[in-house]
Every structure is written in C-alpha cells, then in structure tokens.
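For reference, the structure discussed in these notes is given below.
Going in written order, the chains are labelled A, B, C and D, and every chain counts its residues from 1.
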C-alpha cells in the first residue's frame, strides 16, 4: 500500500527493517518498532519483529498496524541487540496471521528468520519441486520457498549455526530463485541483507553510532536519526556479524542481467521524504508534474492535488505552468481501516468520507487537478464530480504517470488486466468516463526525461507490458488449498 | 482539538450534530454518525449519539473515535427519525465516560438529551446554588447545570412532554447562564438548537431533502450532501418539530451584548473546507498568510508549511511574496492516539514520529516555514531544528496569528498562562528559543485586515486578554470531588 | 443471580461490600475487589468500586465480571484506605453501564457514593414527586431516588462534608423510602451501612485487624480472612469514621413493622458457605432436603442433585431417607456468559451445554433428583429427560422449596406471574409437564419446620402471595424513557 | 489440564474431535465447536478447527477458550461437511499461537491437517534426522515431525490427493514414531484417526445419524447426541471417506507390544461422565474411594471431597465406610484464567479464591477429606489448614491414587521429579507437611483391584517409574531456539 492508502490504488507489498548490535535489553526491538512505524505506508495488514539475544530468536507477529500489535509489554519480550521487522500489505480476502512475517524456522543450519519485500516468479515451480522432494508448506507465501531451499542445499564444511553456514545456505537458495526480493535474514549471531540482481525493490544501508541498519526506505533511517550510507546494490548480499559488515555479490542466475528498478516506487509507493534509487522522491515527483505541465498545458486558474500523493506533482505542475497552486481538496485524518459505512439504505459515501472540496478555492474556476495514477477510474470520476459540484467551471485531470495497463508480477498487488481502465479504454474514453474536460497522462518518454535516467535501468511493465523477467503465463488459481489462520 | 491534532496545540472542546425527521429505522443515527465523523477534528476523546423514535430516547456513548465507538450493531440500537450527536476533546488526565455527551435525563418535562459545545462562565456559581437547593451532580461538566436549571424552572401551563414545555424550560435555563454555548437538545418529539448571544462557537443550519440538519461546521453538511442554509444567529433558538422549524430570540441576559465569535476557529480549529461565520476558512487562512508576507517579508528560496494546518497560510504567503511554495515537511498518516513510544532508554522521538523533513526541498535553502500558532514553543523548536538538520541555510518562522498569551474561558482547553511562551517571553526571546533566524507573528490589526471584518464582532482574548464576558478569577482547583468513570 | 447461574432461575439483584481504613495506597480497593469476587454469584452484569483518599472519591465501573472489569492498573487508580463496591445482576435486555453501581454524586453535603442491594416499593411515587420539585434522573435505578432525597432534605446545623451532615441526610432520605435495601454509603471521610426495617436483604459486619468490613454475605469475610462480628440488624444504621463505629436505629416509617427476611436467600441465592440470618446456609438447605424426605418419601435406588445449588438438599434427602447419594449429573466448568450457540440449523443445546448425565449412576435405577426450585418448568423437563435418556427406570423430582407462584417486588428479578408454571398449573400438571414419575415440593410448614424459625420473621411472598409491604399494583411499563448507555 | 483445573494438578495435554459428512454449510464446524467445548477440560490454552469443503481446508485457531476463539462469524468461515478440532493445555511460559493445533500443511500428497493428543518419545531423534535431510521446523511441537515424515515417504502408486495416498503416507510416518498418540487427520476428502499401539491416550468412535464422529472422550458424543460405538483400538487406524469407514492395523513397530493405557485418565483427567477404556469414569473413581476406605479406615464424623474432582471417590469412601458424606468445601464458579490477584502488599490468596470451607459441616468434626492426587503438596497443605480453621477437630487426608513420584513422558505435563513431593518425601513426612492427622494413599494393588483390571494393560509410570517405552534420558533443554508467536 502506498503513501496515503485511502483511494483505489495499486498496493505495495511490504517493508523491511533491521538493526544490528545496539546493545542489550530491548533496544533493537524498540528501534525496529520505530523503523516499521516509518514504513507503515508499505503495508498495514500485519507486522512482526524477530530479535536475537545471541542464543535464541524471539518472535512476535500480529494482524493490524504496528502501533496496535506492539506495546511496551510485547517489546520487552523481544530481547537482544539485533532485530528485523516486516510490515505487510492489506488485501480484502486473504489476510492470514500465518502469512505474517518475519517467518522464523529451525533447520539443520540453526535458527533463522526472514523478512521479504517482493515476489518470486518461479515460486510455484520451486514449490512443486520441493514438495516432490518431501517438503511441507505451512503458508501461502513465496518466502517459505526460500527457507526450504536453504534447508535443502549442502552448504559445505561450515559449522552449523555459524554465519558461514547460514550464508552458504542463503547464497545457494538465492541462486535458485528468480524475481523481486529485498530480503533481511536474522540468525542468532548475524544479520544478512540481500537484493535481487534486477533491483526491483529498494533496500538501503544506514549507520547509527557504529551500528548497522537496513531498511526499505531512508525515511526509516531519518526517524531513528541514523545516517544514510548507501543503497544495497542490485545483486548484492551484505553480511553483518561480530566481525563487522562485508559485502558480496550474489551468484549469477540465468536470465536477463539488466536492472529493473520499479519506477512506480517513484510515482507512488515510496514516501516523498525518502531518497530512492539515489534520488529524492519528492523532487522526482515535482519533476513529473513539471514535465506534465510541458506536455499537457491548459489555460486554468488554479492547480490542485489529490492529497496527499498528488501534491508534489501538483506543486511541480503549478511552478512550471505559472498557474497558482492551492488546496482544493481536504483530506480527513480520521479514516482508518476500521471505518464501517452505515447500513445500505443510505447511499454509498465512499470518497466523500476521505475527501472534501474547498468551495472557495474552486468556485467559478478552471481547475487543473493532479493525481499520480488511475487504476479503475471510479475514484477519479468521483473526484472530478466533487470538484465540479463545488463550482468549478472546468476540470482538467493530469496524471503524473503513464496509463496503468498491465498487472505486476514483481511484488505489487494490482487488479486483473480487465479491471485496469487503461487496459480496455482509450484516453478519450477514460476522459469521458471520469467526466473531465481534458485528461493528460505523463508519457513514458516524459517520465524518463523528468527522472533524468535511462529507461533500461527500470521496470515499467505496468505501463508497457514489457516484463523483464519471465513469469508464469497463468497464475495458478489456488496454488495452496489452505485457507485461514 | 483542531484540524490535525498532532502537535502541541490548543484544543477545541467539542462538535455537535443533529438531524430531524429522516424517516424511520436508523437513518437518523446513521447520518449523525457520518456527521460526527466529519466533525471528528473537534474532539477525539469520546462521542455519543441519542436518537428518538417518538416515544423514547435511545443512547449510546463511548470513549475514543467515532469509528471505534459505533458499528452497525450499535447504530441499529438507535432507532428513529431524529438524532443528535457529540464529539468531545481529549485531555491527558480527565477522560471519563461519565462526561461523554449527549447527556440524557428525565425530568418533570419529560425526557431530554443535550449536546454542548462551549463553556459557561457562571457554572460554578450556579452549581453551588443548585446544590443548595437540593440538586445532585453526577458529572463534572457545565452542561449538567443547564439540565438542572431546566428542571427547576416552572415552565407555565404547557403540557409536560410537549415541545412548548421543553422549550419554556430551555429558555428559562439559558436566561440564567452566561458563557459560550452552541447547544442541541433532543426530546421525544422535537429538536432544538441554541447559540449564545455572543456567538462564541459556530452552529449552522442545513437542509437535506426537506429534513433539517444542525452542525458545528458546514463540512458535516457537505459529507451527507445537505444544503447549507445559514448560520444560527447569536442569541437565536430554533425549534424543529412536526410543525416545522421556527426561530426565536433568547431572552436578553445581563452583561455585554456585543458579538464575540471565536477568531481562533478561523486560525486553527475549523476545517479549512468549512464556511465559518460566513467566510471560507481556507480563504481566510490564505489571507492571513498573504498579510503575514506583507508584514514580515524576508528574502528566501522556498515557503513551506507545518502540515496540515499551516498549509493554507503558507500558500497565501507564497503567493503574496512570490517565493515558491513547496512541501518541506511530510506528515505520517499512521499516528493515532494509541502510539506508545518505546521505553525510556532510547531517546524521545516526539515530533519525529509525526513529521519528517524533505531534504531535497530544504538543502542549502533559505526557508520560510509557516505555522498557525505557537503554544509552549517546544514543538516549534524541534521543527526548526529538523529543517536545519535537513540542510536549510536559514529558517524564518512565520505564525499566522498573534502571540497566544492568555487562557481561554469560553470552551478552549489552553495551558495555564505560565505555560504559554508568549505570556512570559518577548518575540526576540521566542525567536531565540525556537532557534529561528527570524520570527514574525501576524498582528491583531493584520488579522482583522486580512479577515476583512471589524474587531468588535470577535473574541480575541487569547491574544489580547480582553475578555468579553467576566469569568471567575481563579478557577476552582477541584470543583468536583469525583474522579473516574 | 444465584449461586450457580446456569439454569432458569430467579435472579438476585446485587451484592455489596465495603472496607474502612486499611491504610493508604490501594489496599482498600484491592480488598473490595476480592470481596466482590466472593459475591460474584449475586450479580454478573456489572461491577464497580469507589474509594476515598480522604479528599476525593475515585470511581471505576464497568460491564461484566469483576475479574474482567478490574486489573492492576485500574485498581491503582482507586487510592485510599476505604472503599465500597457493588456487583449487579444480569438480565437479557436492560444492561446499561449507566445503571452500574456504586453511583457517585456531589450534593450540598459533599461527595457521596452509594451501593444498593434491594428494591424500593415507593420509588415511582418518589420519583414523580422529585421530578415535580425539579430533580433530574440520569439512570433507571431506584437508588438514584435515595440520593435525590438526601440532597433535598435540610440536614440541620451540621457542617457540609462532615459525617454528621451526610448521616442526617441519609437518615432523612431513608425515612421516606419503603422497600428492601441493604445500603453502603461512602463519603470522603466515612462509611455508612443501613438495612431496611424489614431486613429483606442480608448485610453483615466483619472485622479485619481493627478495620471494619460490611458485606452482603459472610463468604466475602472468609475470603479476606476477616472475622464475622454480627448481622447489621433490620432498621439499623452503622456509621464508621475516624471516631470508630457507632450504631443507630433508623427512624420509624409508616407501615408494618414486622421482619421480612427473604427466605429465598436460604433456598437459593446465598452461597452455601455463608452464615445467613444467623444460620449456616448449607445446613439449612440440608434440613430442607431431610424434611422433603419425610414429607415426600419414595422407594428409590439413588438420590442425585441438580448441581450445584441442589447438592445440599440432596445430601439431606439421602441421609434422611437412607437412599445413597451419588453424582448423577456433571456440570461443565466452562460455560460463561459469552458462549454463543452455533447457528440455528443445528438444534438447540441449552441445558446440555451445562449438564451431562452419568450413565453408570443412573442406568436401570429408580432416581430421586433434588432441585431447589422450579421457575418456568422448561429446564426441569429437560433434566428429567436427560436422566431418563441415561437409562433411569423412574425419575422422582423433589424440590426443596414450595411452588414459586408470585413475583417478587423486593429485589429479585422474577418472570411475570404468567410465566411461573406454579402460578398456572397444579402440582399434578407440573409433574406431567416435566415428565417425572412423581413430584414433591417442600410445604410452607415444612420449610419453617426445617428452618426452625417462626414464619412471621420472613418474607415468603413468592410462594404465598402474602406481601409484607404494599407495592404498586401494576408496575409502570416504562417508567423512564431513556434506553442505552 | 484435568476436569476442574483450579489447583496444583498434573496437566493433560490435549483433546481431539472430528466429524465426517454432516452435509454442507458450516454444520461440521459447528458440531466440532460443541465437541471441543465438551473437551475443554483437556486443554484451555488454545483451540482450533479445520474444515474441508471437498476442495480446500479452512483453518481457524487462536489462544484461549473455545468460547472466546470462535463466534458465529468465525464458524461461518469454516464451510463443509467434515472438520477436526483440537484443544491444548495451558502452561505458564510457553504458550504460542504457532503451537496451536490442528496444524494444516500442503505436501506432495495434497493438503492435510492434523490434531494430536500425546507425546512422542523419539521426536528429537527424528527431528535431527529430518533437519539433516533438509526439513525446516516452524513449531516446537512433536506433531510437526509426523507431517514431515508423511512428506518424506514414497507412498507408492497412489494418486496424490487420494485417500490412499494420504493413508500410505500416514502409515509410513507412524511406522517411524514411538510414543503416545491419538491422532485425527483431515484431508480434502477423508478423515483418518489413529491410536498408538500402547493405547496411552483414549480415542472413541461415535455415530450421529449415519455420520461418523471421533473424540477423545464420550462426553463429547453425549453433548451432540451421537451414539457411542466403540473405542478405537490401540494400534488401529480408521479411514473415513465417501466409501464409508474402514479399519486397519498400524504396522508393527519395534519395541514392547503391551498395552499401556494411562491410568491417570481414570484417576483425574477424564470427565466423570465419560466412558473410558470401556469403564464409567465416575464408577471407577467411586470404587477407588471405596477401596481407600477399606485400606485406610478411620473413625470420623463426615467425609468431604476436594471439589470437583475428589467428589466421586469421596462418595465411594462414604458409602463403604458408613460415614456420612457432606459438602465441606465450596468452589467458586467465577475463577477463570484471567483473574489477577491484587498487588503484592496484601497477602497471597491462592486456594482461597477458589475454595471456601463450610463451617457448619466441619465445626467440631473429625473430617475425612478425599482428593485425587498430591503433586507438590502446597495446595493440600492449604486445604487442610482451611478445614482446620473452620473448626474441624481432626483432618484425615485420603488420596484416591498412589503417590505421584515420577514424571510422565507420554503426554502429561508434570513437574520435574524434584518438585513432586512424593519423590523426595516419605508418607509420614508428607502427612506432617500437609499437617493432616492421618494420610492414606490408594496402593497400586488397591488401584487395580478397584479398577477390576490387570495391571499390565496400563501405564502407571507416574507412580512406579516403570516406563513401558524408552524415553530420552535427558530431555533436551531447549531443542528449538525459537521463542514467541
């Protein structure tokens, strides 16, 4: 789930955070709790923390927001100087506690926990193969496949429980998997981070008074006042233990070697205050807005945003176009996931519960409204209506990304292609459906021009259908026949 | 509590909402639920709804947010075509279920419920008098005084239970009280709204398909798609029953007769999408920002807001000054009241849990940061530090209100005068304390110039100490000796 | 509610407990918590504790069992050396938090809290009168009437807040009320207990290391290891403050002066380990069983009880008759109030969820089964069937009380007369309805013979319809038109 | 945990229940919910149900009592005509949701869930072997070992997902394990029950209108009105699918072949209304009491029980000795697991919260008190003191089992040998410790005489140290290094 999570959006799958060697008591769990709070926008379904006190892993996971799952009592039960944590996205029907992460297991190499952001494309194939070899699966998550692979490989002469043994197992497992992964592993005496060779999902390294921090986004470093050191490179594995931090390269796997960083992280998922793939997210979004103003100019009186994710692009559009920016839509701060709409007999309130128009800003105005993307189109239609009902003379919708027309197989929860309005409708049809006076999307070329980077370093399959890694042509309808928790 | 409720702010006390005659089932309670949700920024401690089915009042109240207190099951237990509701503010130590409103009672005139926004200045005197006459008090709220007064008066020849009887009791009671009140009463067969003669707190009238709505702010009308009709006038009482709506004037009470609408509603409390005292709140705040730019110009590279309440004034400042507006501080959407900071051993995170700086916007910049007010100064100090830590070369703090130096006795929860930094420090001292390069407050004259209204229609005692209504010189330390729920 | 609370029983209304001067911190609240736990059989709907620290009353109340409402944190918020508490019964439709006790108020005499076991017969009359004089009612409880009366009387020259002032108010109030009451009052500096002149409901005095304890039953003294001193006499008021304990007589009120102790307390309500009205409850119940064996002998192989309340009488029956006692019905320990039966499509399990027959004890046997009372008859019918299904050749039902044929107006929640099977059916008809081979009730004469006391000291209106105190002929259908919490 | 669960007792580990083919909707889950409620005495820590709708397994598990974990909404999410369920015991420190059962997995043979009562003696050996072969463990439960073994065997030519395939896997897995197990397996299209060759733990078969039921005890059949068919024989495996029920024998495993039914089930664990190993539990316990009266007669005035588990033996003792039985100790019905004792400063209340003495029964009496067993001795000591404090002249403690001196390795949670008072103290020493006037244990010979069965069919290792199956000499201190949930 993305930064603000109140509309019809594509959903990011997860966030990860880990900290190494902050001393004893529950310092590490406390910092991980804060780090997960800063990454809460990446997943609100479930969260978990695993800590190590040097001789055992301690686990707590639950459904809901970080602030609801953990309290002082629970944190006190997570002792030790290192910990990893995970937040997971929310979908309607399939929220199970058993899919909460980190997953902690014991295998021949000792105890290990893992937190995973991303999606494997060969998980089903590997699962079938592992089951044939005698593995049992207790979750429906790709991540369990990685743990089984670790347990299956013969990691050579290293002593079970040693960093070397775990590392050998992880390297061997990752040599078998293909897809998107930013992974944190915690063992009793080490923390290991890894990022897939395409670099789909972000992963950054920070330092806090000599202690190491790994996180999905830099905003988590900011909160705990850790220093941002660098990105973990695509295809890199970092090993942190009593001997310090060392960096290695993952084994080359078959398949394309080019980078495929998720460009949608820049468009919507990441927090605007993060540094992502080396760039300020807010600045990138402002540039998208400025580019949009160049490509789709319009005579208008005011530029407004769909808050909060549309604000940076709207500010960029306003600055480039010279049309004043103003606050035309106000967002409620009290919409949580538990808000139940009243009974059916009164009409659906939907977007109105979350947004309201500011009449004084919109009345008799020609309005440019900037949003980051359109998924099904239903929300955009309601927003345009709301602006018009507030008195706007014209409503010009500007989208700071290209049309979203293809599903993601690398860790984003997208509707089916049939549900994506841009997969089945032309831009004029979409404009008519959302009842805007004009509609302008950022073009693929404009996107990379504004980003100032070459297209081939990124994955933009959701816009273009050009998938960097092969994926199963039909996702298995029900790969696992276990439902519930 | 005000619009965003995350910093050190003065707290608004309450919001009220009522709807009359939407037909049967739980329509009225459902609409009231939605209306309270839209007014949630006015109070997050407790909420309640009372409905009438024509022969009994049905009550549900609880601690917490509207969305947590009510669900489909609870709403189904609130039958009938009319309802009133209330949200109440949150303070640290004194949150009691028994102080939740509406309060519902039975007296000689029948059953009645009341929801109150405001504070009486002669409540203690009346309470003492009522106790001497044999009344018992079960809450620590001013509002109970009004109910006792209603029960004490001899309302003349009207039939108990009739609208006339209740109305006579209410009129007689309000003739005795002095202070701030926007009140909604619900009886089995009528809804009555009243606003004090000074008009301290807002109260508006709306219409929804022939049904009447009363609410603290117009944003609640917008949500349920009711039409905004007009303000309830200061000193007006409106009576709604099967015979329709009629308006009367309250009895003249002793004391000053001038209007004293709370100017702080315009500065901070009301939602920016509301129409307040006849003016768009967002536009007023933008004008405050523009005025501030005229009065306290500075050479700078960017104007940013302390989100979200500072945004309209920042946009106004930017527009007036020509300095570009940008998003320099990002606010977390996941801070609720339940977030418990981890144990003491790791340092206090405070404002960092709620706000983060956007480095790319601030680095090497001369920054104007606009906020609506300063209470104790501690939060402003942390925000200035955060901006500077993000690389700003200069930080110029602009406040879109005059210095807050006096406590409020008319329904706002303010710290004591000793805690208000502007009560004890000069502006240069405050500037140094918050470590800003410069500090500019809106002046009283600038405030009214920007508002475009004469000062004598408003209460600005929190800035000037000029209290329109006399108040008890020392608030009784512990007027009631009942603690808990 | 009675001792075991799992079947169709008449419900006792309440239990009260108070302790004086155990020193500071939360000692008094902790002892009250334990005392209420021991009295939990007298009410499971809600509970509350009010403590005094000498300068304020501290209140906590909630819905549910004592163990669920209070925890260490809540108890810590109830400081001081004296406290009173209350448990309240559970009925299907009318459980409201606002009816939870103790009720704490402030009036001209100061702050006072009250806990009440019993029911007034002139509450409606007094309420009407009080409303006419300007009182407002916030609950539907009789108890609020007493507080209003206290506030209305002119207690003479005593200083407000002093024990004398409160005492004078209480005495004056109780001079006006008629009915059943065992009352505990707590003020900031005194604890006062009172019992109505008829002595309907029990109230006992205990001593714990120089501190005074008042409780509904002696079992609460046992738990905290307090010494049982004596009963509070009917018509007695005891005042405990810094000057020690003193006893006074209540003013004579109009009406009959004879004692009317509730004989049903002996039959069912009180715990068998209590000393009630000077007698061991268990021994009295055994005597009832022995008397029943004399009056309704039968040739049989085994005597069993409906557990747990029927056990003492069954043991008495067995001993008198010489027929062996055995355990023929086993009770589940895990039936709480929250057990929700599964959906309608599978048949009703009712009594089976609570009781199961022991086949080995019953098969091919002639069985005497002893229960304490029959209310509607439906449960008895199911129990007889269960015994017969387990293989019993004959089932002889013996009831250790006379037929329950009249509703109670003195503090017991009884069905309407129409629902009481003994009000509308002869004993042979009841025997046939419950499908027993024979049925024997204890006679009124047998009851008092076994009790060894004269009938005129007791109230047995539920058996005889001979009401000692006049009561309203038709209970008002809906005296208060306030529903909910 | 045993029948009443309030004192210092040995803890039974689990109860299992399954029902096959009750038609669609959630009938099967509803019946399983009821069955688990009837077995709640066998475990209060966690519970779970897995249902099958023919094409997937549906799972819900949680911590706490059956009535707390399941509600109508949760049951509605468990569709289908067959289901199995499990209740698990409660221990102080190690209650983890991930150890809740049934465990549901997917393996090469399809989806399967398992519910297990018992303990394996070679689990650690097998776990080490499985880890070496590449298995990963997510729980600390023995049961996961069985699932891994199932996944590891090559089950021959059967089609994956077929009953034959699952059955072959189960048979092969059980051929490897040694220890106590009564197991229920549920697959998408079959239910399979198995009992270890020694028959340690019970397992019974019932029939409900043509549908099959498997349960730990017959009391679960009684509740749902199923007919008791027979015990599952030691070493039997029953397979139930669309073709009906068929019975097979498990493969012979190495080791002793003699029966070893747990005699402690008869003494304490099973509910008295169950038929266990072909005998009525209540009757057996009464016989134990009668035998005790023969072996340890004493002159006394009354026989009482420690309720509820001591009651049958007390009734038997009374009948044999001719000394009258009476109720000398009353048990509170409101002690749940959540009762928190107040702060340390007031003394420990322990047994007093659960039991109280009936003075009238005990005063000046010579009392025989019958309990089922003594574990640490501390509770017995408090009970003797309580009886004496109530005025008893003499207290003669009679225990309806031999001294408990050895820990159990077959599914019972016992303290270490050091904590068992009978392991370290002679009978006179124990008598002195508990301050009884005399103490009499049932002898091993008396036990089997009363039971009327040969000793070699039973396991009595907890009394004799004669363990039928070899067990690991030192249990691994921390076999898994995963803590938490």
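Just so it is clear, a residue touches a chain if its C-beta (ideal position, glycine included) is under 8 Å from a C-beta of that chain, and two chains touch if they have at least 3 such contacts.
Chain identities (UniProt): A, B, C, D = Amidophosphoribosyltransferase.
Just so we're clear, the structure is a prediction, and the values are computed from it rather than from any experiment.
In terms of the stated touch criterion, chain C and chain D have no partners in common. Looking for a copy of the C-D interface in B-C, A-B or A-D, one arrives at A-B, which has over half of the same contact pairs by residue number. With each centre defined as the average position of its C-alpha atoms, the distance from chain B to chain D rounds to 60 Å.
Rounded to whole angstrom units, the spacing between the C-alpha centres of chain A and chain B is 37. Rounded to whole angstrom, the centroid-to-centroid distance between chain B and chain C, based on C-alpha atoms, equals 47 Å. Among the residues of chain D, none is found touching two or more other chains.
Chain contact summary for the complex, chain D toward chain C: residues 3-5, 25-27, 30-31, 33-34, 37-38, 40-41, 44, 65-68, 71-72, 75-76, 219, 222-223, 225, 271-273, 275, 280, 282-283, 286, 308, 311-312, 315, 319, 324-327, 330-336, 338-340, 342-343, 345-346, 349, 352-353, 356-361.
Of all residues in chain D, only 55-61, 77-78, 97, 103-108, 110-111, 131-138, 147-148, 150-152, 188, 478, 480-485 touch chain A in the complex they form.
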